[in-house]
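First up is the structure itself, then whatever we jot down about it.
When the chains are written out, they are named A, B, C and D in that same order, and each has its own residue count from 1.
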Amino acid sequence: MKNVYKHSLINEGPSLQTWREKLNEVIFGSETRAGRNFDITLILLILSSVLVVMLDSVEEFHNRYSDELNLLEWSFTLLFSVEYLLRLLCVRHPWLYMRSFYGIVDLLSILPNYIGLICPGTQYTMVVRVLRLLRIFRVLKLSVYLNEATVLMTALVNSRWKIMVFLYAVSMLIVIYGALMYVIEGKDAGFTSIPRSMYWAIVTLTTVGYGDIAPKTGFGQFVASMIMITGYGIIAVPTGIYGVELIKTVKKSNLRNDPCPDCGAIGHDLDADFCKYCGHPLHASDELDA
Amino acid sequence: MKNVYKHSLINEGPSLQTWREKLNEVIFGSETRAGRNFDITLILLILSSVLVVMLDSVEEFHNRYSDELNLLEWSFTLLFSVEYLLRLLCVRHPWLYMRSFYGIVDLLSILPNYIGLICPGTQYTMVVRVLRLLRIFRVLKLSVYLNEATVLMTALVNSRWKIMVFLYAVSMLIVIYGALMYVIEGKDAGFTSIPRSMYWAIVTLTTVGYGDIAPKTGFGQFVASMIMITGYGIIAVPTGIYGVELIKTVKKSNLRNDPCPDCGAIGHDLDADFCKYCGHPLHASDELDA
Amino acid sequence: MKNVYKHSLINEGPSLQTWREKLNEVIFGSETRAGRNFDITLILLILSSVLVVMLDSVEEFHNRYSDELNLLEWSFTLLFSVEYLLRLLCVRHPWLYMRSFYGIVDLLSILPNYIGLICPGTQYTMVVRVLRLLRIFRVLKLSVYLNEATVLMTALVNSRWKIMVFLYAVSMLIVIYGALMYVIEGKDAGFTSIPRSMYWAIVTLTTVGYGDIAPKTGFGQFVASMIMITGYGIIAVPTGIYGVELIKTVKKSNLRNDPCPDCGAIGHDLDADFCKYCGHPLHASDELDA
Amino acid sequence: MKNVYKHSLINEGPSLQTWREKLNEVIFGSETRAGRNFDITLILLILSSVLVVMLDSVEEFHNRYSDELNLLEWSFTLLFSVEYLLRLLCVRHPWLYMRSFYGIVDLLSILPNYIGLICPGTQYTMVVRVLRLLRIFRVLKLSVYLNEATVLMTALVNSRWKIMVFLYAVSMLIVIYGALMYVIEGKDAGFTSIPRSMYWAIVTLTTVGYGDIAPKTGFGQFVASMIMITGYGIIAVPTGIYGVELIKTVKKSNLRNDPCPDCGAIGHDLDADFCKYCGHPLHASDELDA
């Protein structure tokens, strides 16, 4: 999620031709009215195109409106293709853009249809088309949601090691419980192999509980009860990890970093003009907006 | 939930006639004994009327006590109609009341029955009648629960952007997982369309797990396991968001209430000795222990 | 859970005869070796008797070991009867004991069997017999678990209003969603009445998801998805409420209440001997053990 | 999880012969390049061997690749046997190692195959073989995950009494609800005995909800709703307990590490200027920002 790359395009603008610069501003930026309109149009197009993919998967729609849906799909593909070409045209380093995360997503959102022309009948392209949704993130990155998402994401990134340790412990439990239930319940109750028993263990530990596989014997039900209580209890762990990290992240983003010039106390609120411990004025000049 | 409107009625009372003023006090207020009695009676009537709607939906009750239930329903409707007219009569601006949230709810709680007289057989009015329950909130707004609910609601409102970002990310996951499972499992396992696959993805991600649709193939079960673990893990996110916001809200309600004697600013920490906005010393004598 | 009453029995002991006093110490107290042994024996007896009730409910055990189980049950009943009489004998105010919570539980744990002699065939006494488990709490009240349980309970009691507000809001959701699904799905999908739809709404909102009733139509599945996401999201609310209250409770029990005699700063750790802000010695005499 | 024992082996090394010392460093340590390579190889071998056990449990794999899987299994067993002997050879106190937790796990990971030679046909050895996974923990103990896992584990250990109190209360609920539903629903709805009813109560309270047993009567569904709401609500308790403990643990790891220069006490807050035990000023220069 390199934000750096895009900004360098805009800031080092002078060497781009005027119309390319302007196009860049509209397509990649959201500061101008045209840029914002472009963003909103793009979001609506993306959502519509995903809706078309969804409707196309419903059999009765597919049978009845086959032609209309196909036409719409190709319209979207052509529009996105034009957009892709324009993006290539107006960025300073087209090759860098093509290899970037969003460059690949942009390409993936048009490629399946063209491939479908050559080798038809590939139902799997459907999933790829749905990935267009990811493109909305680029637009949202520039919006008011950015700050909120950053806080949530920072907390998630900071707690990634703890969460990995937790997931490793959970995987261990799943393998051991799965093997145990395979031996206890056997093939009659649907525990036909260890992988399938592990699937059941995940269904149970995460408290999903489909009921497609369920223990039949008394002892099996006893062990299953242990898994359920384990799963019910350890949900506290990721919640605790993430909560603690979120508290830290929010706190850090709400405190100014500069100490009181008189007594050196830190931890002042962002809107504080005077030190709350000694009454000395704080430097109001370097105030950040959170 | 504009509370402002109602109070203006009471405070600017002099221009209302005396009996209207009194009626207003009884119907809209809860300060007088008559007002409290009216509130309690109203709550009991609302609960009884909803109970009648519920019992009426049970076939054996409907067949056996059809007449009695119908009679009760009409009694409630007439009582609520009278109440609605009285409300119109005693408020200063009837038109403003009618367009307010509770004005509409009040009307909706009597309208279905009268409509039912003209075009009968509309089973759908049942849901509308149940909306009467919302009217209880008006009474509760004046009660001791107000403060607790405000804290919970404030935390919810303050965390709305973070929760929206989370919900957007979850929606993305649901669409992508749904499309994936539609392709992997196909129609035989019940994944007949992307919308239906998305329904299954929601059932799985939220750990509800009906089991009416469940993956059959090994690979499908593997992807399903991923969704379950995702859903089990990310429940930490809303919990974390809301918890952090609740801590902040509760803490804020622990700030000292007295304004700075010099600049009038409020919101000082309990342990602050000097106003953080103007540097003036705060009265240290009335410090509370949190 | 009046603890006061029991202790008054022991402390005002002189007017009790010596052997009654001793018996009281053994039966109600846990300070002496005999008292602790009595407690442990009682716990084992209670657990065994509940185990017998459980086994008796399993058909094959009931058929095979009917006599043995019956004999055991009567042995336990006689032992508990003797214990009940001894308790009556050695407390100062037998009538107060009989009306206390544990007095009633003690009586309930023996009564069903005697009633069964007069009017036989009452299967319902089984549940009452299981209530014997509650008697274990009396013993645990005197144990090391007391402090931990108090913290958990205090936090629960302090957050009761907030939790009630939450439960009221949830009930509203359940009634409205229940009525909605009754109208949308109707009798064919199992939503035969509003109460039954509400049962389904609870099953869904709490993410239990049996799958015995499940929406069939597309629109019904859409509304069901809304309920699931609601239920998945609002679990953050009770967790947040309880967590915040627990933090407050734990913090309060971990800080000394006295301010620094020199600078007046509060919030010192329980094991602090000197003020951490000014270095002045704190009064070490009134140190509490947490 | 005695870490002490292993280190004593390395530190008191001089009396070991040079090659044994070196072997010890490679097998038990992870400081040298050879030691790290050994660890990585071991983890890969363990994971592969568990994968083989899993694949062997899938019928089609078992039937088709029976010989290959058997060969692989024996290769792993021989490798692990050699490793076990080498461990015995290079530790100072082989007998202590054999009785240690990891010594037993090491033995268990090779024993089943040898026992299988003598008394064949024991499917139960499969579970034992899966326990090999536990051996990975030994390697991880030396890795970067150690610190994260320690924090999570410390919080879990510190909250164990509170969690036990919670689990006891939950068990009580399960027994009482189980007995209640056995009486209400009876054998027709699948509640054939109290233990089975308790299994259902656990499935419901933990919000797993298989649906293999579900209440049929209205009153049964009402009681079931109570259990669900209970289970949905009390999940806040373990989450709260663990969260609070985790905050404390993390905070403690944020305390300054330097001891008081006067009395040597540690555990001072980051913002403390004076030792809270002896009142001596702390070095303010090395203050870290948390």
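We adopt the following convention: a residue touches a chain if its C-beta (ideal position, glycine included) is under 8 Å from a C-beta of that chain, and two chains touch if they have at least 3 such contacts.
From a predicted model like this one, the values you see are computed outputs, not experimental measurements.
Set side by side, B-C and C-D show the greater C-beta contact count at C-D. Among the remaining chains, the Cα-based centre furthest from that of chain B is the centre of D. Looking across B-D, A-D or A-C, the pair that copies the A-B interface, with over half of its contact pairs the same by residue number, is A-D. Think of chain A turning onto chain C: fitted on CA atoms, that turn is 180 degrees, to the nearest 5. As for how the two copies chain A and chain D face one another, under half of their interface residue numbers coincide. The mean-CA centres of chain A and chain C are about 42 angstrom from one another, to the nearest whole unit. Note: centroid distance chain B to chain C, computed from Cα atoms, is 31 Å.
One simple way to say how far apart two chains are is to compare their mean CA positions; for chain C and chain D this gives 29 Å. Among the residues of chain A, those in touch with two or more other chains are 195, 198, 207-211, 231, 235, 239, 241, 243, 247. Remark: chain C residues 207-211, 239, 243 touch chain A in the complex. On chain D, the positions that touch chain A within their shared complex are 50, 53-54, 57-59, 123-124, 126-127, 130-131, 133-134, 140, 144-145, 148-149, 151-152, 155-156, 163, 167, 170, 195-196, 198-199, 202-203, 205-212, 231, 235, 238-239, 241-243, 245-247, 250, 289. The touching residues of chain D, counted against chain C in their complex, run 161-162, 164-166, 168, 172, 175-176, 179-180, 182-183, 192-195, 198, 204, 207-211, 214, 218, 221-222, 224-225, 228-229, 231-233, 235-237, 239-241, 243-244, 247-248, 268-269, 272-281.
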